[in-house]
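Please go over the structures that come below.
Shared between the two complexes below is chain A, which has chain B as its partner in the first and chain C in the second.
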Partner chain A sequence: MIDQLFGFLSYYVPEIISIILMTTLLVAEAAVKDDQAPRLKIHIFTQIVLGVVLMTLFMNLDEKPLHIFHNAVTIDPFSTLVKIIMTLGTMGAIFLSHSSKDIYPNLKSEFSLMAVGVLIGGMLLASANNMLTLYLGIETLSILSYVLSSLKRDDSTSTEAGMKYALYGGLSAGIALFGMSHLYGVFGSIQFVDMITRVQGLQGLNLAIVMISFVMFFVGIGYKISLFPFHMWTPDVYQGSPIPVTSFFAIVPKMAGLAALVRVSFVFFSEGSALSVSWIGLVLVIAAMTMTVGNVTAIGQTSVKRLLAFSSIGHVGMMILGVVVMNEAGVQAILFYGLVYLFMTLIAFYVTSHLSDMYGTDSYDVFRGLIYKHPVMAIIMASVLFSLAGMPPFSGFIAKFNIFSVVIQKKHYGIALVAAINSVIGLYYYMKLAKTMIFSKPQGDELVLGFSGLNQTVIILLFIPVLFLGVFWDSAMSLAGNASIFIK
Partner chain B sequence: MMSLTSYLLISLVLFIVGLVVMISRKNIVAILLGIELILNAASLNFVAYSRYVTNNLDGHIFSLFIIVVAAAEAAVGLAIVIRFFQIKETIHIDEATQLRN
Partner chain C sequence: MNGILNWILWLPIIGMLGVILTPKDQTKTIRLVTLVTTTATLLLSVLLYLNFDTTTADMQFVVKVPWIEQFHINYFLGIDGITMLMTFLNALLFFICTLSSWTIEKNVKAYFSLLLMLQSTVFGVFFALDFFLFYVYWEVMLLPMFFLIGIWGGENREYAAIKFFLYTFFGSIFMLVGIIALYYASGKGIDSFSILAHQGGKFTELTVSVFGKTFSFEHMFFWFMFLGFAIKVPVFPFHTWLPHAHVQAPTAVSVILAGVLLKMGTYGFLRIAFPIFPQAAVDSADIIAVLGLISVIYGAFCAMAQDDVKKLVAYSSVSHMGFVMLGLAAMTTQGMNGAVLQMFNHGTSTAMMFLLIGILYERSHHRWIVKPDGSKGYGGLSTKLPKYTTVFIIGMFASLGLPGLSGFISEALIFLGIYQRFTTITVIAVIGLLIGAAYLLWMFKRMFFGEVNPETEDYDDMNAREVFYMLPLCVAVIVFGIYPSPLLDVMKVSVGQLVDLLAKF
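== the complex of A and B ==
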């Protein structure tokens, strides 16, 4: 028994390393106090350890699906790939936090500490195999996110963002938990494996309770990935938080929530039962609404952070179309989209962050005539905007194309049309920003100082996959394909 | 002898009261109290189901975890409310209007 538990620990190495890293950072943060010199060392140490986590995750990528710790946690290629995306996102956000002026210098190690904490929550959520793990994952993710979004603590907008996040988050977690409690009562177990066997035999009142409970449960996950009726917090929190935190929120909690949504959908609704038809219908309607609301509202924004928030809502709406089709190809499309979205989002936030640090605002005007001041960065940013809009030859096109192809294969023509219209709307506001960068004259003739050599190198390195995956997508697609095989 | 139905009714009432408190009250601390009511409703459900229906300990353990998480959430929530109060000198939710379209 004990031997078995220790054997399981060997599959849990990435999480264990992350937890040790978080503890170490907590102690180190307390030790350095206001001394600035060691912070660079702490930063480098964090990146190295996260690199080790990434390596161990890559080593886990070939494992067969395995339920460990009494079925509490699943280790399978799907969850491992999601964890890889989340770890890359965390590394990117922590790198950005180090050069950003949006985070107080004496809070920089604290940012890494809490980002790693959120990453641990995300890992828990991505491999959750019972309701308790899922709830703990959501809460670990959320509670630290509240702190992160109010990290700029003397700033009233940041505090307000944190407060709104905490109130909405508490409400949705409570509703999800109430749904879970009734699911436990009807199924008699919190383990997914026990619950699946009883899904088919439900009748009458029990079926009604389960349906309502699943809708409540959906609120909790839908809030984390900001699906339509629960998206109101997203623009406020994204705008109020410091930019590194925003870039972090756009990737890590979203991927974790998506992974949980995919797993729950596949565990409970893969058969053609009455329950599964209504679940797919629900996700379909929510996806259409999410895309439309995200893209239409993005048009009128003047703050680039807010624009990226709405665009991320639109992208998530697009991604959950992969859940609607309920097959491996859908999951493969989601994973590929997530990987591409990671790089595009990081670059967009990097450029926005450096410009907003320089001018002290994140409105459209700071992008005015960027091409005259900094041609390389302007071209990269414009390409990323094209990629986000889904234009060939960039990787965003392939990601969108995959989603469209799986949806059309399943003959959901209506939703494909909605997605196509949304892509056109997206093209409009992304191109508006690109036009501001390229065709407007700059306001002043001061030089952009924010882009140091290191920052530029990292942005260019991140740009390589955006370009590369748009032309040679085979390797990434087969990676995502391998990860999606065992999802059922 | 209490039956399962009475527990479920009480928890449903708690849940609805929590929702109404969250929607209608303007004081942020009162809203946090509403969240606690909702969490307690879920917790009560878990224990009641565990006792009357499933006869396993899953529900009891779940409710213990809920208590721990609720404490952590309240701590973070109150800390943020204190910052909000120090900046705005009020804890009225209608004062949180800086982030809007």
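== the complex of A and C ==
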């Protein structure tokens, strides 16, 4: 028994290291004497440990699927790849937090601490194999997120963001839990492995209750990944939160929520299951609405943070189309999209953060004439915007191509047309920002301080995959493909 | 000779890297690097022409390398008679545009690197025989165009650049849906992204269901592709981006836009929409003919109403591309040959017009035939600028289709071809020629004859560089007007194959 438990723990190394890192950060912050010290050593230490986490995750990538801790947790390539994306996102956000003015010096290691905490919640969610672990994951993720969004304590928009996030989040988590309790009532178990065997034999009233309960569960997940109509909090929270937090929110909780949605969809609603058609219909309509609302609302935004918030809603709407098709290719497309989206989002937020630190606002105006001051940064940012819009030769196009491909393979032509129109709308607002950077004259000729040598190098390094995966996407696709094989 | 297409395709990119590595202030070196690159591409395309086998309709100089194994996407290049002409036109026009852009002083480095990138992507569109590769080039081509119009354009350049970009992107996203649908319809086999493998009407039996309604696969995706290509041509009612883009674009970009980019649209019909969906193409010939006719007449009337000479030529492009659409809709040997020939001839003649307007603009800094306040913009130019006037007359008459110059042959062929099928439309379309003659001659009268406008007193005539780069075009319109065989011989087998295919449906 004990041996078995320790045997399981060897698969759980990434999570354990993260937990140790989190507690270490808690102690380390207390040991800092000078309140305004830059905490460089803590930052470097965090990055190194997260690098180790990443390494252990890569070592787990080839493991066959395995249920551990009495079926509470699954370790499979799918969850491992999602964890890799989330860890990279966390590292990126922590790196940004270190140079950002939005995070005060005395809060820098607290940011790392809480980001790692959210990461742990995300990892739990990504490999959850029963309802309780899943709920635990959601809550761990959420509670620390509420604190993160109000990290800029003296700023009223930031506290407002935290408040809104917490209120909406609490409500939706409650609804999700309510749904889960009904599921337990019907199935008599919270284990996915037990529930999946019983879902086939459901009839009559039980079937209706299960569907309603899953819709309630969908509310909880939909809120985390900001699907329409649970997206209302996103723009305010994104705008109010400090930019490193926003960049973090755009990646980690979203990927975790998507992973949970994918797993639940595949466990309970794979083709042939009694509720499959209703579930696919629900996700299909929600996906179409999410994309359209996200993209159309993004057009009128004047704050770049809000723009990126709405565009992220649009992207999630696109990504969950991979759930609709209910096959490995769909999951592969989601994973590839997530990987590409990670790099694009990080670059977009890095550039926005450095500019907004310089000018104290994140309106379009701070981007004016960037090409004349920092040509390389402007070209990279413009490329990322075109990539987000899905233009070749950037990887955003391949991500979009894969989603279109799986949707059309299943002959969902209608939704393919909706997605097509949406990507034209997307192009329009991304292009408006690209235009401001490149066609307008700069306001002054002073250089942007945030674009130090190190920061520029990191942005360029992050840009390499955006370009590379747009041309040579074979290997990344097979990585995502291997990760999706065992999803059932 | 097998790798020659690779060289033509990537040489501009190598040149672009050369430009990027040159320091910013060495503008002379940058221009020379660009000139050497475009000259080399031109020579290579001449070499390509000399080695081209005109007796076969098969693809020649084929390069095929696996790219993405999982989807069977290949790096697959090759040319036939139609693309041979377009390759030569593209190489020639970029060579000329490099010379005509010699006077650009704003961000020289960025300008020439974007120009070279544009050249490479246009070659890519014409060479690509893999759908995915084609689509990538088709889209990437928008990026340099967007920046070339948006940075070096006129006053309203941002609006024009965005409009151009959005319109084309809108069309091409539908094309993307069509491409993926074709991939799955053909069973995602080894050739499922090859344009050639889909040709020949293999999808006539399939149906699709959208929002609960059933449509014919062939017809639905023909119209998807149609949208993508028609916006590019542009066919009425999708032409509204063109005048803005042309008026705002710098001279060289206008030349490229009218000279080769519009041809990509009609090339799409010839290579993709017609051969892959022949049944739908035959069924839709009436609609295409009517749209082409409206483009001819409406474009010509719009041109007549313009006070801005560049806008006038832009609308004349709409009108002339309408003739190409008419030729395509005819689906007869003469009509199709005429259409392809018109693609080439319009490329040379309209390039002359835009270059000449550019030359004049460098002296006057405006393009008004009649200024907004009612006074004359030019007047009596013929007395002051004899060389300029001579070249202008050649360009203008080539454009309006005077017998003996290139435009006549292609338009005559188109009319011959379409008369067999659409008699009424032919008769109405001839009126379009008449209006074309009217607006061009009226413009000529107002600009070149009459009292000498005092503002034009100090204009210099064309200098040696300008004469040098106008010369090849003058030769082309005259020689191919009298002796079009070199062009017709190259394309007739390829065009014949398409006509034979369409005749079966």
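In the analysis below, the second predicted complex is superposed on the first by the 480 of 488 C-alpha atoms of A that agree within 3 Å, B and C clash if a C-alpha of one lies under 4 Å from a C-alpha of the other, contacts with A are read in each partner's own complex, and residues count from 1 in each chain.
Note that in this section contacts are C-beta pairs under 8 Å (C-beta built on N, C-alpha and C of every residue); 3 or more make two chains touch, one makes a residue touch a chain.
In this text, all values refer to a predicted model and were calculated from it rather than measured experimentally.
Of the two partner chains placed around the shared chain by superposition, chain B is the only one that A:L167 touches, whereas chain C remains out of contact.
In the superposed model, A:F8 makes contact with neither chain B nor chain C. Note on chain A: of its two partners chain C and chain B, the one contacting more of its residues is B.
Judged by the touch definition given at the top, the superposed model places A:F468 against neither chain B nor chain C. Look at A:Y364: by the touch rule set out above, it reaches neither chain B nor chain C.
By the touch criterion stated above, A:F69 is placed in contact with neither chain B nor chain C. Judged by the touch definition given at the top, the superposed model places A:F439 against chain C, while chain B stays out of reach.
Within the superposed three-chain model, A:S150 lies in touch with chain B and out of touch with chain C [touch as defined at top]. Touching chain C in their complex are the following residues of chain A: 386, 391-393, 397, 401, 404-405, 408-409, 411, 413-414, 416-417, 420-421, 423-424, 427-428, 431-432, 435, 438-439, 473-474, 477-478, 481. Across the interface of their complex, chain B is touched by residues 131-132, 135-136, 139, 142-143, 146-147, 150, 153-154, 156-157, 159-164, 166-167, 170-171, 173-175, 177-178, 180-182, 184-185, 188-190, 235-236, 239-240, 297, 300-301 of chain A.
Note for the complex: chain B touches chain A at residues 11, 15, 18, 22, 28, 31-32, 34-35, 38-39, 41-43, 45-46, 48-50, 53-54, 56, 58-59, 61-62, 65-66, 69, 72-73, 76-77, 79-81, 83-84, 87-88, 96, 98-101.
Every residue of chain C that touches chain A in the complex is listed here, in rising order: 67-71, 135-136, 139-140, 142-143, 146-147, 150-151, 157-158, 161-162, 165-166, 169-170, 173-174, 176-177, 180-181, 183-184, 208-211.
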